[in-house]
Amino acid sequence: PESPNSGGDATGPVPAKPDSAVTLNILDVAGNLQLTQGMIDEFAAKNSDQIGKVTYSKATAPELVGKIKAQQNANRVDIDLVLTGVDGLAAGIEQGLWTPLLPAYKDRLSGMNGYSEGAAAMQKLAGDHGVTVTYYPSGPLIEYLPAKVPSPPKTAEELLAYAKANPGAVQYARPSNSGPGRTLLMGLPYLLGDSDPKDPISGWSKTWQYLAELNKYVTLYPSSTSETMKNLANGSAKIIASTTGWDINPRVLGTVPKEAQVGALEGFHWVTDAHYAVIPKGVPAGKQAAILNLLADMLTPQQQAKAYDKGYFYPGPAVEGVTLDMAPAESRQAIQEYGRPEYDKLIADHPLEVPLDAKALVAAFDKWDREIGGAKVKK
Amino acid sequence: MTRAALRHRLAERGIDRQLLLLAPALACVLALFVYPFAYGIGLSFQPAEGGVLGAYRTFFTDAYQRDTIATTLGLALPAAILNVAASVPIAYRMRGRFRGKRLLTTVLVVPITLGTVLTAEGLLNYLGPTGWFNRTLISVGLTDAPVRLTNNYWGVFFSLVITGFPFAFLLILSYLSGIDPTLDRAAATLGAPWWQRFRRITLPLLAPGLATTFCLTFVLAFSVFPSAVLVGDPAGETRVISIAAYHAAYEVYDYPLGSAIAVIMGLVELAVVAVVLGLRSLLYTGSTGGKG
Amino acid sequence: MTTFSELRLDGVRRRFGGKDALAGLSLTIRRGEFIALLGPSGCGKSTALNCLAGLLPLTEGSIWQDGDRLDTLPPERRGFGMVFQSYALFPHLSVRKNISFGLQMRRLPRDEVRRRTDEAIKLVRLEEHARKLPGQLSGGQQQRVAIARAVVLEPSLVLMDEPLSNLDAKLRLEMRTEIRRLHQSLGLTTVYVTHDQEEALSLADRLVVLRDGRVEQIGTPEELHNRPANRHVADFMGYRNLVPMRVKAVHGDTVALDGSGLTLEGTPVGPVAAGDEVVAGIRPEDLRAGPHGVPVTVEVVEYQGRELAVEARTEEGVALFLRAAERPAPGDRITVTAAPSRVLVFGAGTR
Amino acid sequence: MTATLEKPAAAVETRRKRIVASPGAWLVWGAVAFFFVNLAGVIGSVVVNSFGERWFDTWLPSGWTTQWYASAWNEFGLFPILVVTLEVALLVVAISVLVGVPASYVLARRSFPGRRLVYLLFLLPILMPPITYGIPLATVLYKYGLAGHLAGVVLANLVPSIPFVILTMTPFIEQIDPAVERAARMCGARTWQVFLRILSPLLVPGILAASILVLVRTVGMFELTFLTAGPDSQTLVVALYYSMSAAGIRAQQSVDAMAVMYTASMLVLLVVALRFVNPTQLVARVKEDPD
Amino acid sequence: MTTFSELRLDGVRRRFGGKDALAGLSLTIRRGEFIALLGPSGCGKSTALNCLAGLLPLTEGSIWQDGDRLDTLPPERRGFGMVFQSYALFPHLSVRKNISFGLQMRRLPRDEVRRRTDEAIKLVRLEEHARKLPGQLSGGQQQRVAIARAVVLEPSLVLMDEPLSNLDAKLRLEMRTEIRRLHQSLGLTTVYVTHDQEEALSLADRLVVLRDGRVEQIGTPEELHNRPANRHVADFMGYRNLVPMRVKAVHGDTVALDGSGLTLEGTPVGPVAAGDEVVAGIRPEDLRAGPHGVPVTVEVVEYQGRELAVEARTEEGVALFLRAAERPAPGDRITVTAAPSRVLVFGAGTR
């Protein structure tokens, strides 16, 4: 078998192609493989001269940095490609873990020029270190069963009033453990018109006040989004925070009844989300070459269409001009059945905002933990 | 002659080649535990700012962090006490021989295999607002609204009981079987009713075993992490110290603080263990008359 | 405490998994008596004692103390004292606390507990060791604590389960005298379990010999020693030579025997007739080297202080154990003889 | 206590008396029963959910399917993971027994200067939560190129396992009559022969007991395994933990299916093991009271 | 295996934590001898045996086998056999495998192992039990396995550490004869540890009496029985009456004594002079009830088969143990007497 370091030295120029087929070890900390594994497998199959074997492993984002760091300290990096969300990306940038890909190899990644507006904004967050591979506008949205909530709240104030009238009925998961949770957290400053939506500590006074008020009528903050989905399904929660992907995919999977509805609060901004590909420092040049070729392929519209998946990252593609009918049949069928035509209009009508950077986000989480989630015991 | 004499003298003190059998184990523990652990302690004294004790100061001056010690103790101590206390009467009932004992012990041991995730999932399903437990309570009419038993203190507490109880039970049953049953009979012939026999004979003899068991279950409970997140309320009621350590090390990437919290964790744990073992050394610690 | 004038076991039976460990023991114990239960390992001695103590429920039968039925009471309410084979001292309590345990259970006033404990400690001469834990005592001392713990309650009955079997020879002898002394001086009623016939003989007023859960014989030491009811009892009472022989003739009280290379006269136990196959039982000390006897070959000689113990073989190869005053050498041929009154003949009815 | 010793043959009269006399027994058995009922509920709800199509606000799911097992199996590539898990567990058990048993022998049989210190040293890794030494341990292992492979996972798991074997085996060895070893020596056996032919067979129950516990602990050890595992050396518990907490949307049922598979494999191990070991003999090799 | 003509222990000392468990034992064992080490518990008997076996390193001194130094060899290379008190059978091996274990360790050819094992099994008459595990055997059978395991190697020396102390009275007697028979028929050299003086007397050619790690006396059974060197040995050899008295006068070989309420004549062991404080040692069986003696009060009476054992007290309250043919009642006053040759007088030099 191949040694993990085949493909040459970590230093030196990156050739156009590896000398011989390499083994790629891919670590996914964002659940991105669900969208892209098909693209990768296809590329590997087609280019067996470049990629001999791909191994996939999964981890949670917080553990990513420690692991890469330990490997780099020991000079033995055996993770070649990391697929990560904003959190892992930023943490790695701050710790200097990633190989700078841009602008050096921008010409090899021509697909990056085709990014949609939102994706292009998200790519700025990655600086020179990562490549956006999938993108979606995310949320914040609210989700409910029409049978139980005949007239859903239309504004943030109405939501609060609803919560007041039905204690325990509104639920969102602990933001640091949940995508919809953090999207709601980051979306509120826009909804409420806070002074600086990018500064959770000093610019979010209305948001924190709103959350504290809401907190009075929230009985629990589950530790995962699936928990809130389950509660929605079994009726113990009536309105939960959601995103486009979390709306469609769980209904496909049967975790949430098909008839669940989503609603948007008046005047909301999308807080977008994306997944990035990064290469840890210390990956040999040959492997880097193969990865760059792989990424270039992944950014072609044909491959991007696979990102529609079963609505998990709806819509999913990061580049412009990828329509649903380019997607695999399975995807098309799922989205036709469970998707919502109104999303196109919502996406078109509401402004897109990039999420908080990692530092600010951690600070927001910490503040939420201390003042909202932890408030119940403090009293 | 002198070499033989030296060998004899060393042997008299208990030193000879047989001690080499200890070497592999000792080497493993030194290389794989002591060295990394010392490294971790060293790391905790090198925070980015605040001097040598900076990381510790950060921890202790922040009430939100400091309180995790109390939160953890508030979970681990009652759970360990309950596990041990509940095991004693059950083990006491089961120490004789009766049909089905083996089956019953085996079943009691099953929860050891469950693993955190299944326990957490099961608790969420079973004790959740529309889980079987609440459904039963409501249909029996004991309560109108579902009782909230998950995503709070109780969820974590139950998961600690489910994983800790079988372990405590096994150990205690084993210790209890080591006590010579004729002692109990001797006390009976001296006119002691069963609870006097239990209180004055069995319990004191069991005490050292109880202390050991308590320490082991306490340690298990004190380092609770996944279930504190999964079935607990990780921002509030069940923000245990390992969450703080995890947060520091993996979310803020403040390794010195993470190490410092880990060290504090170890120290608190050792303090509790030391208190318990100290109390134990006040008690009788000799043979319990078990028949070999 | 309560006393009684007699304690009656009435067909006491205890079964373990379909097998009788004790099959119908009936016995009346009079106040002040010293009864020994004697028998080989596994014969049901401990079972009998535990039934009496209430530690084992009966399968059948009943136990009566004068007019009161006792077998339905739990052990702690029978008021008996028990000395266990392994002493069963409470290892975490000092000697003094071990002894006072029972008194405290009776909720006697402090002063009286102290006084009676002191007395008991003095009785067994452990004043210097009162504060030690049992683990710090020698076997003999532990033994005495166990006895003191049992007798301090002045129980109506003391039960002892092989209390001397863990001691060495010299101590065993001393403790034996001690137990007998305590029994006499405190006026106790004692039931004593042992498998050592010498111990039973020397201590008891009456002996109960058990075998396979059944009573083989009940009688005074003299009766058992001189007239064992059958060959099993005889075997147990030191009749080491049990030789299969045939009755040649019956002459009044004695019978003439031969077989196994021997010719002897003996006293029958139970009816025998000429021609019967019988077993002759003779103690080694009754079989003496002397002129006019049966010729045997010496095999092993052991010195035993005053006497020599000899193992010899008859011409038919049957081993005989005897005593000699002078030392024969292995291989010597000597003649042996026994007084007819000392040769017991067990017929088929007394096997 | 005597209530449990009761034999069926015991007189009806005494039996009735004892049952009435011990409300404590009823209380205890009641508590045990309550524990079991709830435990069954906890386990049952996961098992039922893992076979359920969809399960909303009802007593039972609306349909039954095994698709979640298939999807969990495929998504996580469980087969290689199971193989790795088994390899890791067996290696850890074998090495910790090989290293731990001789050490516990010395600790049980010999007194030498510093014995208590050594004992304490072996106690510490069990008393310390793995998180406290896991990170530096991973760093060290990566430094020497051991982490990221099976070797690293095995080494990391040895840290709590060796002491565990030592702690469970020491009382066990103490209870074997040292005269047996001396007898073997007097028969002319060398040290290794004594170990191989006399001690090992006698220690089998203890070794099995310790092995099972180590096995269960290793299979269930998340922290150390995660920190040192490479792409090809993940174990089941790591995969399970990801399925639960890694990003992405997964059907709850599929996570439950993973958990059930995990528990089922542990249960098989445990039940097989319990056939050989009496669970009450963990800390002491006791003969059960014959009556 | 190797044999030797003599085995010499030369000032063998073994210390445990600063305390001598064995303080300078010198002894020469001749081939074919049966030596018994005798003494109270804790006197160092097992220590001596273990030193000889090589199971305990010596602190000082040396052990020589003819001209070869032995004490530096590990136990497995000395070629001795050992029988342990608790037998120490390998519980997981069958009787046959237990016995053949040593032969296999010697890597003897299969055939020979089988042949010699069969022989040994036959020797101890365990043919029927060869396939059983030790746990399925009775105490006496286990004992025989232990002996077979030790002798199957035809060791130059067999060591036995209280091999009979776990057996019951009857079996003990039988096994004693068995051991003596094996010793004689196999021509073994044996060192035997016991605390039972009767056992030692009956088995050994020579006895070594130890006390507190020191040799008190070495001699033949007769020498020890009749002429113990001092009062401790006497105590151990059955002189249960050790009465402090004073020498009134010395007449040639006998001395006149009084004190403790007694007046007696005795035979001095070592030099004594009139006026010396001495201890008179008398066996119970030498102190007989009879006319013309010293008056004593009977306290306890025990039946012992042929005789009665009596504990009595002199007027000065000293306890005496004696034998009587007829049964006196407790409280009776009788007179006792002893032959002067049977009363040993230990002066200050022989304390």
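Per-chain numbering from 1; labels A, B, C, D and E assigned in written order.
Note that in this section contacts are C-beta pairs under 8 Å (C-beta built on N, C-alpha and C of every residue); 3 or more make two chains touch, one makes a residue touch a chain.
Computed from a prediction, not measured in an experiment: that's the story for all the values here.
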item: Pair of chains whose C-beta contact count is the highest in the structure; value: B-D
item: Most distant chain from subunit C, judged by the mean position of its C-alpha atoms; value: A
item: Cα-centroid distance, subunit A relative to subunit E, in whole angstrom; value: 88
item: Subunit D and subunit E: spacing of chain centres that average the CA atoms, whole Å; value: 52
item: Whole-Å gap between the CA centroids of subunit B and subunit D; value: 15
item: Residues of subunit D whose C-beta touches two or more other chains; value: 2, 6, 57, 135, 139, 177, 244-245, 252, 255
item: Multi-partner residues of subunit A (at least 2 other chains); value: 63, 66, 177, 224, 230, 234-235
item: Overlap residues in subunit E, where contacts from two or more other chains coincide; value: none
item: Parts of subunit C lying in touch with subunit E, wherever the complex brings them together; value: 40-41, 138-139, 165, 168-170, 173, 176-177, 180-181, 184, 195-199, 201-203, 221-222, 225, 235-236, 238, 240, 285, 299-300, 302-306, 309, 311, 321, 330
item: Sites on subunit A touched by subunit D in the complex; value: 25, 27-32, 34, 55-61, 63, 66-67, 70-71, 73-74, 76, 78-79, 85, 177, 179, 224-226, 229-230, 233-235, 245-246, 249-250, 253-255, 257, 312
item: Footprint of subunit E on subunit D - complex, ascending; value: 177, 179-180, 182-190, 193, 197-198, 201-202
item: Subunit B - residues contacting subunit A, complex; value: 64, 71, 124, 128-130, 146, 148, 151-152, 229-237, 239, 246, 249-253
item: Touching residues (chain side subunit A, partner subunit B) in the complex; value: 62-63, 65-66, 91, 94-95, 174, 176-177, 219-224, 227, 230-231, 234-236, 362, 365, 368-370, 372-377
